[in-house]
Structures are given as structure tokens and as C-alpha cells.
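Both of the next two complexes hold chain A, though its partner changes from chain B to chain C.
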Partner chain A sequence: MNAFFLAFAYLRYHWARSLVLVLVTALILSVPLISQVLLNGSQTALTERAAQTPLVLGRRGSQLDLAMNALYFSDDRAEPVTMADADVIWDSGLGLPIPLNTAFETNGARIIGTSLEYFDFRGLELAEGRQMALLGEALLGAKVADRLGLGPGDTVVSAPQNLFDLDGVYPLELNIVGILAPTGTADDEGVFVDVKTSWVIAGIGHGHDGVLDEAATPGEIVASASIVEFNRITQDNIDSFHFHGDPGDYPVSAILVAPNDARAATILRGRYLDAENPVQLIVPKEVIGELVGRIFRIKALLDAVTLIIGGAALAAVALAVFLTYRLRDGEIRTAFKIGARRGMILRLLAAETFIILCTAGAIAFGITFAVQSNGSTIVAWLLAT
Partner chain B sequence: MQMNTLCRRSVLGMLLSVTAMPLAAQDRPVVATDNYPLAYFADRLGGGAVDTVFLVPAGTDPSFWRPGIADISEIQSADVIALNGAGFSTWPTKASLPRSRTIDTSAGFGDRLIRTDTVTHSHGEGGEHSHAATASYTWLDFALAQEQVKVLADAMARQMPDNAASIARERDVLLADLDALDTRAMVLSDQPGAGPVIASHPRYHYFAAAYDLEITALEWDATEDPTDAQWATLETMIADTGARHFIWEAEPSAAAQRRMSALGLTDVVFSPLANTPSEGSFIDRMRGALDALESAFQEN
Partner chain C sequence: MITIKDLCFAYPGGDFQLEIPTLSLEAGEKVAVVGPSGTGKTTLLNLIAGITVPASGSVFMGDQLVSAMTDPERRALRASRIGFVFQDFALLDYLSARENILFPYRIAAGARIDAQARARAQELAASCGLAGKLDRHPNALSQGEQQRVALCRALIMQPQLVLADEATGNLDPANKTAILDLLFARTAEQGATLLAVTHDHELLPRFDRVIDFSAFRRTEGPAA
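Let's look at the complex of A and B:
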């Protein structure tokens, strides 16, 4: 008891040196734990979501980019496919196509234009508000709602794609009508709208005041040069919203496909094997499985590196402690001369080391716990960027 | 093996989405429609085991009805959402509806749809473009109505597999009823007094095309007596077409009927039944309208 009292008093007196030792030790202990937590979280997030997504249809190119975009709404987006490609799946009667249009953002969150089937497919439930019903309505993922401090009745504005493209996509105000319950997946970081709303953001659909110029004579159709397009959809102007062009040409980033059964899945996969076909059908579990395999090969290397660096760092800390004891040689001799036995001096030094290690361990545990608590968010962010 | 598991999960997910969630909300399957004919067809096909949701209030034109949020929520939860298509109602293009449960009953005969007015204009970066209008009262061609019934019956049987056998039976009976109407309408143009007809509203494109009738339409409001200017337009139209028959979309006032007689026109009421009639069913009312037209053609 006396040894701990004296050790604590000593550490408190030399607080700066003690603090450095505690922090360095805490970091050495927490780094491997954090990397373990994040890697395990990534593996779980990657494999579970991929396993729950039977097939993904998208533009031929990087299968990994397509899977990451369709599953985690990552920034890596291939060229879009069209709704005609979704119609081919639908018309085949072999599965349910669920479109995803992830081309736009708002407040740092991805806007996901999709159909109502997506929410059933992913098992997403409302925590607050109601399901989207009209053009311009949005549901927020749990983390986005928490981060932005928004709820039903509030609005968010889609970000313009290019600040200097004055003739391009213009921002659309989205009415938040519901908040999704947290799932610990990428869905928590998304802003969900009807795919038709995403086409309004893209400028394919729009609403505006009367088109006809008041100066036009009867029978003559002259469009007014001063038409102002609406940048919010309200009860008063929703009737003016309309879409142009062939609906089959409307773009979507990817299409989730839920085949009716294994046979339907096999038939569908067979239809997209031709390398000349600009559209490909991938099995996310296979694509993500390869990625996870690579991650774990890297993890093994990372573990070895962590072990070596951790050992070296611990050796450095031990050396620092040893040198401290050498610096305290005079102090130890004085203690011996005034009657402290050799065992007492050893207990004193051991108590100091024990306090430092325990404090560092507690801090490392706290850091790891904090990372683990927000692991899903960090993993979702890592996967989306 | 992995693929099997994968697909079992997806099928389970689909089943949950397609059946479990709507069924959790109500005991009986529900079909929502955007007009009365489809509601009637669904009711007949369901044979009393299916609830039909048709939310347009009486006296409102379903083509221009705009559902509220509660209406859309109710429609979203239906097992089958049957839309007439052919541009009949615009609200579905602005509402979020589940594709797996939504059917366009006229999509299968897009090549037989009748194009009407086209407005061309330009704005934005897309250049000049057109808004083609399409005649949307497809069920007045009873052969097309039969096609719509088949599509609806298929969708109902798919979403309500427990009722598939009874739906198939009811479909055959309903198709026979519609076929009888079609056969009946086919002989209208053979009647001795058959000739050009004027209608109070442009609702009868498919009826005219299917049954070889020449119907010219006015733009009269079904709920109001025609104005003097509208009567004048009618007189001009009579002179131009030589019409001797007039079709009212809805029951006219006695004064309007007297004035019509004074113009020498035999008038009949032929409601296209886009909304629920105050009395009678779709088949009964259509049969009555065909009777009235046949009588009118026989008189003249």
C-alpha cells in the first residue's frame, strides 16, 4: 500500500514524463486492437451485405466498382445503364429488378433514387415519419438524420454536380418525410428518394410555369423565353412536373436483381455472359469474396508489421523506463542509505510500472471501445469512400 | 450450394415484400385501381374474396383526381395496383408505387392506342419536343376491355396464389360478359338509322373505332347546361356532319333534352363509367347504353 502511495506521488510529481509514457503505451496497445476491430467489422459488413444481394446489373467494366457502388453507394461509379435494362429483367419474369440511381449528393450524403421494393429487400423500417409517397419526398438514413439534426418536416437540397455548369443539374429541395431505423449498414448513410425524383434532380423531369408565350397568336405555339423551372416540389406545382423522352432511356447507376429462384438466377447470368454485351450481371458475393480474401492477405502482413512495430515500441518504452531508473540512480541510493531495503525499492519501481501500464491499458480499452461503438459508421464511411 | 442459399434468401425477401407485408395489414387481399371499370373487373375476378380500393369520390373525374398522402399510403399497401394506362391518370407518375405490385393494364396493346392532339414546344436544353396525347377510355372497346381483364387476372392470380383457381373461373365468366357486349356493339353500325353521331365530350374514340361509328365530339361540361355559344357550335357541327344522334356523357337537364329534340337530334345517355355509377353495374349500364343506341339508330 505504501509502495503504491509513494509510486503514485512520484508519478504525479513527474506528471509530464508519466503522461508521455502512459500515452505512448496506450497507443502501442490500442493500434493493433483498433485495426483488428475495423478489419473484422469490414469483413462482416462486406460479406453480409454481399450475401444478401443475389445479383447486380450494371455497365460492363470494373466488377468491384459496380458492387461497391450498388452495395455501399461508393464514389466509384461506372457509366449508367438504363431503365430499359431493368425492363428486360422484369419482362423475363425471372426476377425483380430494383433500380438504384446514386448520381447525386446532399450535405455529404449520397442520394439514392430507388423503388419501394428496396426497403423490403433490405428490411429497412421507419423509425419516424412515413414512407415516401410523392415526387420530391425523401427518407433519411439514421446516421444522416443524426448528423444533420433533421427530421420529418425539414428539407435538404441536392448538391449541384458542377458549380460552374450553370446550364446543368440544378439543386432540388427534398422534403424529408421519414427517418429509417438504424441498421449498421451503408443504408444509415443514405438519403432515399423515389427513382423518379432522382430523374427530376437530373433534369429529365421538371416542372415550370406556363410554357406558352402570352403574345402568341391563336393556333401558334411559341414557348416563353422566361420559363422558370421549379426547384422545389409542392402541392401547388406538382401537377406541372413531367418527364421528357423515352422512359426506357432514363439512367440508373445499377440495378439490384432478386431472382425468383436458383434456376432463374442461372438463366439470367447466362444471358449476360457475352463480353460484347455492354451490360454485365455480377454476383456480389463472389466479387466481394475476392476483395475480402485480398484484405485478409493484407491483414496477415499488417499483423506481422504491427507485431514487429509493437515489439520495437515496447522495447523503446522499456529502454526509456530503464534509462529513467538509471537517471534515478542517486535517488535510489539515497533511499537505500536512509533505510529502504532493496526489496522495498524494487516494489516501489514495480508499483510505478504497474500504475503506468494499468492507466495505459484503460485508455487503450476506452479508445478501442469508442471505435467499436462507432465501428459500423466508420466501416460504412471507409467502404463508401 | 451458396447460390441456392443466396436465392432462397432473395426469394424469401421477395415473398416477404410481396405478400407478408401487405397481408400483415389486412386479412383479405386488396386490389387498388384508378378507375371504376378496373375496380368492377377486380371485384368480379375476386368473387367476394378480394377487397377493391377505388378512392375517387363520386362526381370527380378520375383522370383529374389527385390522391392525398393517406390515399397513396392505402394504395401502396394494396396487393395489386391496377392502372388503366394510356395516360388515363397522371398521379401515378408523381407517386411512389411498388413496381412489383403495379400493373399497366393497357401496356400490352400500346400499338392499338389512339393518339389525339399533340402539343409541340421547346424549353431547356432538350430542344423541341412533343407531348402526345392519347385517348384513354380504352374499356369502351370491349375487346380491349377483355385484354385488360386478362392482365388484371394474371396479376391477381400471381399475387394471390390461394385464389388463383377462383380468379380463373371468374375471369372466364367476365370475359364472356364482355364478349357479349362486344358482339352486341358490333351490329350497331348495321342498323338502318346508323350514321354520324355527335358526343358531348371526347370520350368515345375507342368505341367509335371498334364499332365503325363516326362520332364527333364537343367539349361540353357534363354537369352544366350548354351555353348559347355551345348550342351554336352544335348547330354548326350538325350542318357539317349531318348527324342525327347525340350522346350525352351524363344525364342532361330536361331543358337541354327539349332543345336537343328541337334541333332534330335523337339523344341517348351513354356514360363511359370512368367513375362509379350511382346505380347498376358496369355490365348492366353498358348493356343499357347499347340498347339505347340501338333503339335510337332503329328509330331514324
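Let's look at the complex of A and C:
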């Protein structure tokens, strides 16, 4: 007890030095723990969601970018495919196509234009409000709703892609009608709208007041030069919303495909094997499996680097502790002269080291626990960016 | 109290050699050790305290042969029967004056800080003019006050022998006198023997005896 009393008194009096030693040691201990926690979380999140997504259709290119965009709504978007590609799947009768249009954002959250089948496909349930039914309506993922403090009856405005995009993406005010129950997946971070609403944001569909100039002379048809486009879809103006062009050409970022069975999945995969085909059909489980394999190969390297850096940092801490003991040589000599037992001096030094290590360990454990508690959020954020 | 016979000590590899054929200190005696630097004054204190051991000869404390004790036995002897006062005070900066005074209790085998020990620390501090300053750390005390704390620490275990190594060397004249007064008064009160190394010849008349190391590295004689 005397050793601990003296050690604690010393550490408390020299609090700045003690704090630095404790924090450095805590960081050395927590970095490998945190990386392990996040890697395990990432592996679980990646493989689980990939396993629940049999096939993804998208523009030929990076399979990983396509998988990450379709599964985690990441920023890595390839050129879009079209609704005609979804129709091909539908017409084959081999599976259900679920479009995903992830081109837009609002308040830092991804807007996901999709169909109602998506919610059944992912097993998403409503925590509040109702399912979206009309153009311009949105459902918020649990974490987005929590972060923005919004609920049914509120609105969010889509972010313009470019301030100078005069003929394209105008901000559209979306009516929030429901909040999804938390799932611990990327869906918690999304704002879901009908795919047609995403096309309105894209400027493919729009609503405006009357084109005809009512002040024109009776009998004459004069178009008004001051057409007002609606930036919010309401009961009053919803009928004025319409789309231009061929629906088959409307873009989607990716198409989730739920095949009827394994045989249908095999047939579908066979149809997109041709390298000349601008569209590819990937199996996310395989793509993500390869990624996880790479991550763990990198992790082995990271572990080695962490070990070396950690060892070097611990050596630096040990040197600092050793130099402190040298600085305390006078104190130790005094203690020796007035009769301190050899074991007492050793216990005093050991008690200090023990207190530093225990405090650092507790902090490292606390940080790791905090990271683990918010692991799904951190992993979802890491995967989406 | 202390008896030295045929003592010979040399530092390994050094040309310094201390030889003391005979030296004795009576219980309660106050003895000064004088002499130029490097003549072995501090070495003498270390030999008596068992911090170093002689190459030959014997050092007795009472009927105990210190020079033949094991290291743990010598440490225990110092902790229980010898008080040290150093020139640089050697206080622990991270402990309050009270905890510095009680420090020997924390390092000695079998010693325990109880209410009696705390009361004794309080009483010693009060008698040395430190009442009200016991919660201060050394850096909040003057040099004179720091040496008073060191003095209290040397006396807290009620030692039979107090060894003072230039205890007044870093003090101004006023504090020098005050500390010496306290040292004499407290050791007399406890019936302890005092052996003090000093360079201050003005203080010598206050001692019972002076051992002069200047001539032959070993000189013994009565005070003037």
C-alpha cells in the first residue's frame, strides 16, 4: 500500500508527464484493438449484406465499385444503366429487378430512388409513419432521422449537384412520410424515395403551371414565357408532373436482381458473361469475398507494421520511464540511505509502472468499447465513403 | 554507542584510503567532524550507518557489529535507529511536508502510520515551527523550513543516532543557528547521539567534541 500511495502521489504531482505517458500507452494499446474491432465489424457487415444480395446488374467496369454502390450506396458510382436493362430481367421471368438510383444527396445523406420491392427485399420495417405512396414522398433511415431530428410531416431538400447546372438538377423538397426501423446497415443512413421521384430530381420529370398565356387574345394560342416549375410535389400540383423521353432510357445506378431460384441465377449470369456487353451482372458475395480476402492480407501486413510501431513506441515509453527513474536517482538514494528495503524501492517503481499501464489499459479498453458500441455506424460510414 | 576499531576503507580503483585505528562516540554525545573536502567525512558517516562497509576493521553500534551485518539488516538498522539530515534536504517534491516527515514509516519494514505516528509528526513539526505548513509541498517552503522538515523526518522514528551531513551548509546565518538549536534540542530531548559534518568553525564550540580530518585523514581529539 505504501508503494502505491507514493507512486500515486508522484504521478498526481507530476500530472502532465503522467498524462502524456498514459495517453501514449493508451494509444499504443488501443490502435491494434480498434483496428481489430473495425476489421471484424467490416468483415461481418460486408459479408452479411453481400450474402443477402444475390445479384447486382450495372454498367461494366469495376465490380467492386458496383457492389459497394449497390450495397452501401458509396460514392463510387459507375455510369448508370437504364430501366430498359431492368425490363430485360423482368421480361425474362427469371427474377425480380429492383432499381437503385443513388445519384443524389440531401443533408449529407444519400437519396436512394428505388421501388417498394426494395423494402421487402431488405426486410425493412417502418418505425414511424407510413410507406411512401406518392411522387415526392420520402422515408428516412433511422440514423438519418435521428441525426437530422426529422420525422413524418417534415421535409428535406435534395442537394443540387452543381450550382451552375441551369438545365438539370434542381432542389426538390421531399415530404417525409415515415421513418424506418434501425437495422445496423447502410439502410439506416439512406433517404428512400420512389425511383420516379429521383428522376424528378434529375430533371427528367417535372411539374409546372399552365404553359398557355391566359392573357392572350381569345382564339390565339400563346405560350407563356414565365412558366413556374414546382420544387415541391403537393396534392395540388402532383397532376402537373410528367416525364419526358422514353422510360426505357431513364437512368438507374444499379439494379438489384432477386432470381427466382439458383437455376434462374445461373441462367442470368450466363447471359451477361459476354465481355462486349456494356452491362454486367455480378455476384456481390464473390466480389466482397475477394475484397475481404485482400483486407485480411493487408491486415496481416498492418499487424506487422502495428507491432513494429507499437514496439518502437513502447520502447520510447520505456525510455521515458527509465529516464524518469534516472531523474529520481537522488530520491532513490535518499530512500536507500534512510533505510528503505531494496524490495520497497523496486515495488515503488513497479507500482508506478503498474498504475500507468492499468490506467492506459482502462482508457484503451474504453476507447475500444466506444468504437465497438458504435461499430456498425463507423463501419457503415467507412464503407459508404 | 559507536565504536570503531582498526577501520580501513578504500573506494574501488581510487587512491583514497581512510584509516581509523579507533574512534568512539558516547550515547547522547554531540560530535562535529571537520576537515577539507575529500578527506572522508561523509565516508565516515556512511560507514557508521552501514551504507558502505569497510575493507577491514569493525564498526559497532551498541553491541551490534554493523560492519558484519547483511544488507537488509543494515537497512533495517538505519530505518529504525539512525536519522539522517542532508545538506540538500533531500525532500521528496511530490509529498507534502507532513508526508515527507512520515516518509520513514512508509519505507521501513514493519512500520505503520497510525494515529500515534501522525500525532508525533504534528508535535515534531510544531516544535520546529512548521505548524500550519504541513500540507505544503517543499517548493512552497523556504530553505530553512525545508531543512526543518528534513530534521523532523530524521527524528520521527526516534533514532539513537542522528547523522548530519553539512546540514546547515545551504542556510543563511539566521536559519543556520535556528536549525542547529533545533538539532541540539531535539536530539537532547530524545537522548540521541549527534554526529555532524560541518565546515562552519563558528559552530564548533557548541559541540562536545570535534574530530578533525584535516591532518592525517584521521584525527581524534577533544573540543577546544
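Note that in this section the second predicted complex is superposed on the first by the 377 of 385 C-alpha atoms of A that agree within 3 Å, B and C clash if a C-alpha of one lies under 4 Å from a C-alpha of the other, contacts with A are read in each partner's own complex, and residues count from 1 in each chain.
Basically, contacts are C-beta pairs under 8 Å (C-beta built on N, C-alpha and C of every residue); 3 or more make two chains touch, one makes a residue touch a chain.
Everything numeric in this text was worked out from a predicted model, so none of it was measured.
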Figure out whether A:S373 sits in contact with chain B (first) or chain C (second), or with both, or with neither.
neither
Looking at the overlay, does A:D239 come into contact with chain B only (first), chain C only (second), both, or neither?
first
Scan A:L6 for contacts with chain B and chain C and give back first, second, both or neither.
second
Which touches a greater number of chain A residues, chain B or chain C?
B
So in the superposed three-chain picture, is A:M344 touching just chain B, just chain C, both, or none of them (first/second/both/neither)?
second
Which superposed partner A:T334 touches (first chain B, second chain C, both, neither):
second
I'd like to check the shared interface: which positions of chain A are touched by both chain B and chain C across the two complexes?
none
The answer for chain C against chain A in the complex is residues 49, 51, 71-72, 75-80, 82-84, 86, 90, 92-95, 99, 103-104, 106-109, 137, 153-154
For the complex, which residues does chain A have touching chain C?
2, 5-6, 9-10, 12-14, 330-331, 334-342, 344
Touching residues (chain side chain A, partner chain B) in the complex:
51-52, 54, 90, 95-96, 115-117, 120-121, 123, 130-135, 137, 167, 194, 196, 203, 206, 208, 211-212, 221, 223, 227, 229, 238-239, 241-245, 258-262, 264-266, 283, 285
Complex contacts: residues of chain B adjacent to chain A:
2-11, 13-14, 16-17, 21, 66, 69, 72-73, 76, 90, 93-100, 119-126, 129, 131
